[in-house]
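Scrolling down, you'll hit the structures one after another.
Below, subunit A partners subunit B and then partners subunit C, in two separate complexes.
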Partner chain A sequence: MKQYAPKVNFVITIIELIRGLLVTFKHLFMPAVTLQYPTQRWKVAEGYRGLQRLKVDEDGREKCVGCGLCAKYCPAEAIKITTKVMDTPDIQGYDKKVETYVIDISRCIFCGFCVEACPKEAISMSKNYEMACYNRESMIYDLDKLTKELEVTKYK
Partner chain B sequence: MQFLYDTQLLVNNIHSFLFGMCSLYGLPVVLVTIVAMVITVALVGGFISVNVMLLVLAERKIAGHIQDRLGPMRVGPHGILQTVADAIKLLLKESIRPKIADKWAYFFAPVIVMAPAIMTYLIIPWSPGLIIRDLNLGLLYLLAVSSLGVIGIILAGWSSGNKYSLLGGLRSGAQIVSYEVAMSLSVIGVIMLCGSLKISEIVEAQQYCWYVVKQPLAFFLFIIAATAECNRAPFDLPEAESELVAGFHTEYGGIKFAMFFLAEYANMFVASAMGATLFLGGWQGLPILGLALPPLVWFLLKTYLIVFVFIWFRWTYPRIRVDQLMSFGWKVLLPLAFLNIGITGLVMVLG
Partner chain C sequence: MITLTINGKEVQIEDGATILEACELAGSKVPTLCHDKRLLPFGACRICLVEVEKTRTKFTPSCSTPATEGMVVKTTTPEIIKARKTILELLLINHPLDCPICDKAGECTLQELVYEYGVSENRFKGKKLALPVDHLSPLIERNLSRCVLCGKCVRICNEVQAVGEISFINRGMKTYIGTDFDRSLDCEFCGQCISICPVGALNSRLFKYKARVWDLKETVTLCPYCSNGCSLVLGVKDNEIKRINSCGQVGINEGNLCSKGRFGYEFVNHPERLKKPLLKKDGQFKEVTWTEALDFVFLRLDKIKIERGAGSIGALGSARLTNEEVYLFQKLIGQGIGSRHFDYGGGYSYQGLVGLKEALGYAASTNSISEIRRAESILLLRADLNETHPNIKVEVNLAVNRNKAKLIIANYRRTKLSPQAEINLIYKPGTEVTLINGMIKVIIENDLINKSFINEKTEGVEKLKLLLEKYTPTYVEKVCKISPQELEKAAKIYAKTEKALIIVATGMAWGGNDKDIAYAVSNLALITGHLGKESTGVYFLGEKNNSQGVLDLGALSRFLPGSGSVDSQEYRALEMLEPGRLKAMYIVGENPLLTYPLPKIKEALEALEFLIVQDMFMTKTAELADVVLPICSFAEKEGTYTNLERRVQKLKKALPCLGESKPDLEIFTNLCRRWGVEVPQDIWLEIVATIPMYKEIDKPWGGSILYIEKDWKGKFIAVEDQEISFDDKLLLVFTPGHLYSGSLSAWNLSLLKVGEPMVEINDQEAKRFGVEDGDEVIVSSKKASVQVKVKISSEVPKYVAVVHLYPTTNMVCLLGKEMMPIEGSIKKI
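And now, the complex of A and B:
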């Protein structure tokens, strides 16, 4: 069986082989493009959509009024709100109070529609992207987890 | 550190001390010889272990830097203790054997691969006089003993009971045998120039001119053949990770795998040492730098330079296919080796 091998020019082969070696040698002295996670973390862009945060206003109350628009707009149905009507209105005149506000992080697709839908700008997305957990139950974030200050684990 | 500069004197002193002790205290010569042998074996074994750790780490770090990343960084400062951790892990693994594997062949194959790799350390010239045994046919011994490793590889491939391992073992055997022919022929040019197979004479004959200047083609062929001998890229199809799972050492784990690994790096060191000795002048130093380094340091520098070249080749070139490999070995390297011998002979005859 005749082998149809291409004609090889020896000199060009050797020159190209040496050029390949020089390219690799050059890369030896170039700085690494990797980050030593978790001691060095990536600096995210400004509009990065990470974990949701529910904002509080100056008096310490949540800005959320329980309208449910974020839950309605969520494409993955990750937000679940239950509200309660109080007997007496509170200081601002609202009588509807948010009882539970739960975001299921394992369902959330981090699209940011809830932020766009909120009429009171009560929800925003922070730059936290480290939400890995060991079990499904801890992926369900309720109200205090969403308003609490983020704590970033420090490694040596 | 002054003793490093004059190791011939050091070795003579140690010899006379040992045999003087023996005549003084009436100890039989045999006992002293055996003690000396045991110490030598321990030193060589210790050097091989440390060397393999260094080489594995160097390979991973250099591979990382060539690929614009950093290599191991976690274990120890900048990953220095990585190989120690790997060695401990390998030693603590359970030693299993496939049921279909041939029991004794499976057990002895790593030993048969490892033993010749260590035996070749006998004739490495570290320094003037610091050779374990300066055989009159040192070079022939080297070529002969390094051929014995093939038996172990084929046995390992066969006894694993795995078709892919068998294929890997056979391919490796064919490759090593073919490139050994090319390697031996490229070394013949050096022997012709020097007139002797004795390693210390070859090193001393390079006093005024290293043989790489007189025989560049032979050096080039030797480097290529040595990378094929050690089953290293770009000729590492038999043990390639993505081709044949791991080739002939697929079914081996734990200490047995550690033996194969050690043998490969030990072989690589010996091949580099031989390249440095035969072509780069061994322990001869260059006077141009002005600083007087001990000959041992020159030798190690040259050897590790060639080791670096091997590592550099591995992470630059793609793997070549086994039929391309065989055709390269027989159809390209062998004629070039003959050409080299012919030219050397002609030049020597014509003056």
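And now, the complex of A and C:
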């Protein structure tokens, strides 16, 4: 049988090759889309639902009164609250104190229902999305971790 | 029966019912704020308004208007909805927006109504009345600004509890609910006001902020305190009881609870509860495993049985064991070990019921609890219902206030119920039988006996009449110190009314002559024919929650070997605890060192070679034991209890057993198997098969009313008081304090605030002994002496000193084994 060999114009091959390479070459001078994380960080949109933060008012006390609506509303049952009686009522005569406020981040689905439910606007979602850690215990955030300013490691 | 139309649906209801009840029957829901089934209609909130055709007024309050024939009622029209919305807006003018911090959120009627009617804006603007919060009362917190002035707390305290602690103060916009002179609460703290308040104005301080209502897992179970058998709703979160609530739809108590039932749950999670079995090694308790402890118990007991005989081993049960547990316990002792020494409650606490058995036929009260409120006269003998059986007090109160019943209280002192009584017979302590005999004599003399009943249904009346010859009113006056007029009046009231019943309380404070009282009281009921009918009969109120069940299944037991009556004296608890009588004892749930009237009890327990104590806490008796086995509380086990009206009710498990504690049933099963006693899978089935009366659960055995059979005959047993003295010496008697033996209640810190060890005397007696109110004194009899505080009270007559039982020291020793009022003296320290 005779081997069928197509007649290829050698020049056209090279021209097509160079055309393709030109596309790649063009991209050498275009700005990079890659974000160099962690030295560069993406600017998240307003209203991004990241880690919860419990707001603190001017006097340094938490706005949270311990009503338990966020815990009731959470679809993943990630929030657990216990309250207790304060020995001396505060200025307005209220004596309910939040004893523990725990959010299990491994359960949380970041839906934002807790923010919607809160009658005192004491909880909001920040823009922090960096919560990775090495063990499951550190995924349980208590009152301390939720009110403190978060430290974001800056890399040069 | 009348017919009316509700929302187009026809319903039939009995005459006298309100429109609200007819709407419920029709299935139309009408909202209410100030209505409760237990209370009389009030009409304060005006939320239940409905539209009735062809009336002069536009709206009618359905809770307080009786339904009439042919009424056409509409419960939801646009005008009614507008009216209800306006009422809610008016209520919200003053109601603070406290929902996030109010404990009632989730079960608040006002919250539910506001949400349902969509009240989001308030057209009325006014300054909120900032009323103070009462933080000072123990157990109950009153938040006056949240009050909606429905008046339910006032009404339940007045109508049902007969205390009347709180009331409406001021008028108009300035009305608030408070006590006289705005002091903090000083009542019995039953907490009924807390459970009935529709908003968060009255809260339990024990439950404050502990959990949100929707987080609680609710279980319906039975109360572990008195023999009324009330149903409790336990609210559990994180394996801890956070609060106890009541529910009108379950159980027999209609949602009524007392202070021990409602607030007495702290002992379940008390830190001092035993969690592991303890073995005494070298004088010290060491924690061991269950296998080691039970092996040790079996080997030692078996050794003592083989070497010394089965008769040297004794067992004390407790009236708090469930039916299944006590059945298995006496099977273990009787069949497994082979001993006849099995008793409980000191051997004297149930003698009254045994007396009833000999006279009438069954060792139990004759009628049911809900009939008490329909009685026409009630004879309350030697009972302090406010302390021992608060829910029976509620029934008696309903009888007096709603049914116009005549209450005759015969006691050796005035009690909190005395103002409700028609006659208060204050008799000399210990002379109950003479008093009753005197009443019978008056009835015979005045020809008020029920001749047909005596002829058909009784035997032995002649012998009784012969004995009663000398019980003239003058003789009774000499012995009991009651005037003849009062005696005659009381006897005539009891004999002339159709529905007359007798209530006698038993318990730790009394006991010496319970059997004689039972005979005397049965005689009184038989001679007037007040038996076998509705709202008549004799009630002997057992002290603890399963007093009836343990008697039915335990004391008169069928497993003990040998013949002869079990009732013989040598096997009674007090005889068992003579020093040196027995070699080994197995004590379950009782604390003889603190609650048995034996001065030498400590020597007796120390003289034992082997003592096993099975309890929840390290009691004083347990400290002397060789082995201590931890058991779980009523909330952690399953079983059945029988209440005083013979109703068998089921417990439900709400918590896992604390630590390694086990239910008594498991321990007895384990030990039974070691001795080769067969234990069935479901003990209740074996109980139903072997014990004739026990058939169904949630129904009183024998029916609600006993002795209605045609061929039944009651026996007259003529009886007299054992010792009668005519002199005027100071007699020591007990009153059951709020905590009695304290086996459970003493571990509730909040309840301990109510009461302390004291002796109540008249001011004349105080002068005689030279003591004043509040002094520390030593009260002594020829058996023992005890240190207490003095309280001068006008409710105690001359020559009587009432000692309040308190669970820190053994006070029953004062009376000794006989448990009868004894001569005593008071000395200032």
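The definition used in the following text is that the second predicted complex is superposed on the first by the 134 of 156 C-alpha atoms of A that agree within 3 Å, B and C clash if a C-alpha of one lies under 4 Å from a C-alpha of the other, contacts with A are read in each partner's own complex, and residues count from 1 in each chain.
The definition used in the following text is that contacts are C-beta pairs under 8 Å (C-beta built on N, C-alpha and C of every residue); 3 or more make two chains touch, one makes a residue touch a chain.
Bear in mind that the values here come from a model prediction, so they are computed numbers and not experimental data.
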Taking the superposition as given, does A:I12 touch the first partner, subunit B, the second, subunit C, both, or neither? neither
Should A:A132 be classified as contacting the first partner (subunit B), the second (subunit C), both, or neither? neither
Going by the contact rule set out at the top, does A:A45 touch subunit B (first), subunit C (second), both, or neither? neither
Per the contact definition in the header, classify A:V33: touching subunit B only (first), subunit C only (second), both, or neither. first
Contact-wise, after the overlay, does A:T83 reach subunit B, subunit C, both or neither (first, second, both, neither)? second
For A:I91, is the partner it touches subunit B (first), subunit C (second), both, or none of the two (neither)? neither
Let me check the overlay on chain A: which residues of subunit A are in contact with subunit B and also with subunit C? none
Interface with subunit A, subunit B side, in the complex: residues 62, 64-70, 73, 312-313, 315-317
Which residues of subunit C touch subunit A once you look at their complex with the stated criterion? 99-101, 105, 133, 208-212, 214-215
Residues on subunit A engaged by subunit B in the complex (per definition of touch): 17, 20-21, 23-25, 27-34, 36
Subunit A - residues contacting subunit C, complex: 65-69, 71-72, 82-85, 93-94, 96-97, 119-120
